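The letters A, B, C and D name the chains in turn, as written, and every chain counts its residues from 1.
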Amino acid sequence: MTDSSILVLTTGGTIDKAYFDALSEYQIVDSGIPELLKEARVALPFRVVELMRKDSLELTDADRTLIASAAREAPEARVVITHGTDTMTETAKVIASEVPGKTVVLTGALSPARFAETDAPFNLGMAFATAQTAPPGVWIAMSGQVFDGLKVRKDREAGKFVAI
Amino acid sequence: MTDSSILVLTTGGTIDKAYFDALSEYQIVDSGIPELLKEARVALPFRVVELMRKDSLELTDADRTLIASAAREAPEARVVITHGTDTMTETAKVIASEVPGKTVVLTGALSPARFAETDAPFNLGMAFATAQTAPPGVWIAMSGQVFDGLKVRKDREAGKFVAI
Amino acid sequence: MTDSSILVLTTGGTIDKAYFDALSEYQIVDSGIPELLKEARVALPFRVVELMRKDSLELTDADRTLIASAAREAPEARVVITHGTDTMTETAKVIASEVPGKTVVLTGALSPARFAETDAPFNLGMAFATAQTAPPGVWIAMSGQVFDGLKVRKDREAGKFVAI
Amino acid sequence: MTDSSILVLTTGGTIDKAYFDALSEYQIVDSGIPELLKEARVALPFRVVELMRKDSLELTDADRTLIASAAREAPEARVVITHGTDTMTETAKVIASEVPGKTVVLTGALSPARFAETDAPFNLGMAFATAQTAPPGVWIAMSGQVFDGLKVRKDREAGKFVAI
């Protein structure tokens, strides 16, 4: 394995949702990803860039183009993207066509990272390992599994990602 | 990626330490790994076998032989082993010579899984992803990094694993 | 202090909010109060009754009458009520006029109990202690403070309860 | 109720235990009490003084005299003391004879505050409420209950405090 740097792009999604009592509503807030990586005692060099704070149902084509550009133009060859789960596979398709030669892993969470019970740190760990061990291409790390980013869908009712 | 099953062997270590007030001491207890995998919403088939509950400084040659046998004889081709960090690399050597043709990933934690702040779920996520994406061999997933199991050491003072 | 039983009535509110990925929304769910009391290792006899699961902005006069009846008719002389914070003081007024001779303590949370960072267990601890130490009347335990239930308001902007 | 300030004296004990991987042992560390009070969103004025970091089995007569002096000489009339559970009742006796006219509440935890599952925030909430609502004297807030500090013992086998 190499020890080269990992770029983490955060885009929002459930993983970064918090609750605001003053508004009695949940909103996506400043990313908790740096805190998760500190808690995980990650000693590998990494860089976190907060691109946007959106529910993935609200992501536009322009947003996806921006995400792909940020991944493509970065010096790092290994990229982890935290993303809402509902349209994660759509962004994976854009990445597949616009970011050649890099290992890009999308991940997120079904339960917010700020919850006591959450899949966020496990999923982020999967993404970090996949970024280091998988060949160039687009991968999705969710539900305990590493999927080819173009051969997976979210089964909303079952609450998990499944291969197609 | 394949969706074939993962075998998880638990052997003890800091990851499974808890505090017993009645004794005013910490001990390794029943493994918290199944709970972590449930919280991570792992949908991939897996099986957890609790082999022993030992601090890794107390592991004997016989213990390591038992761990290697359990990995070798199991039907699963992908094995995750949770293990104390102090002698993780010694067990990796035994696995390397006695478990051919399988992808075996050792992981553990520097802070117990029962702590509010812990590297346990992140590390377990790394191990699960590595078991699915790395070629046969022995790997160690710690400190945010996936290492060749034969080319890594624990830097006790720095509190992290480093490549050698 | 006496060791007589405490009745806990749950009515909903932020303290019991969770996130449902399948709906991409937060809802009040089955009460986490019994789990909190178990984690707190409460050895005092208590009984938990889930009355309703409502945001306190949605509580009707009939709901408040029901809450007051449940407190008044119960055999316990000490009652803790978990409640949404926005109209907690309105329910306190109804309790004050309809539940004579009992020590009733309302509490809740500004951050859901299921969050990693939450005021829920601290507030519930304040409520349990107040139920045991305060004279009959209506009390509100929030923001680290025990208030006369008729002389307090929620300062929504400041995110805390203040005496009036 | 009054809104006058609360003094929090920390002395160590299980509530402040953490694990040090470099030493493979648990030690009492810098107090997590300020963090707990922040998480609980305590708006009441308070002051935290770290007196010592000791397991309560190691407390000497001189230590108890120091704790009592700190409580007696402080300007605050309401004092919360976090303390190891094994000799909490011994310190209560010293406080009872040496700190007249103040409401002093001792509390602690059977499971460290840094654990995911802990009685620490609930117990601290009980102590804060008792400091505000109980008359002058010495109280112990543990096991979901507020005890007269001179009429309670720890039942080590049962893992709880019981009235005597």
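The rule is short, and it goes like this: a residue touches a chain if its C-beta (ideal position, glycine included) is under 8 Å from a C-beta of that chain, and two chains touch if they have at least 3 such contacts.
What you see is a predicted model, and the numbers here were worked out from it, not measured in a lab.
Participant: Please report the smallest number of touch steps linking chain A to chain D.
Facilitator: Steps on the shortest route: 2.
Participant: From the mean C-alpha coordinate of chain B to that of chain C, what's the distance rounded to whole Å?
Facilitator: Whole-Å distance between the two chain centres: 43.
Participant: Distance between chain C and chain D based on Cα centroids, please, to the nearest Å.
Facilitator: 25
Participant: Hey, how far is the Cα centre of chain B from the one of chain D, in Å?
Facilitator: Roughly 38 Å, centre to centre.
Participant: Can you list the chain D residues in contact with two or more other chains?
Facilitator: Where chain D meets two or more other chains at a single residue, that happens at 110-111, 116-118, 159.
Participant: What's the complete list of touching chain pairs for this entry?
Facilitator: Pairs of chains that touch one another: A-B, A-C, B-D, C-D.
Participant: Name, in rising order, each residue of chain C that touches chain D in their complex.
Facilitator: My answer: residues 1, 3, 36-37, 39-44, 46, 110-111, 117-119, 121-130, 132-134, 139, 141, 143-148, 159-163.
Participant: In their shared complex, at which residues does chain D touch chain B?
Facilitator: Chain D reaches chain B through residues 14, 17, 19, 21-22, 24-26, 55, 57, 85-86, 110-112, 114-118, 156-157, 159.
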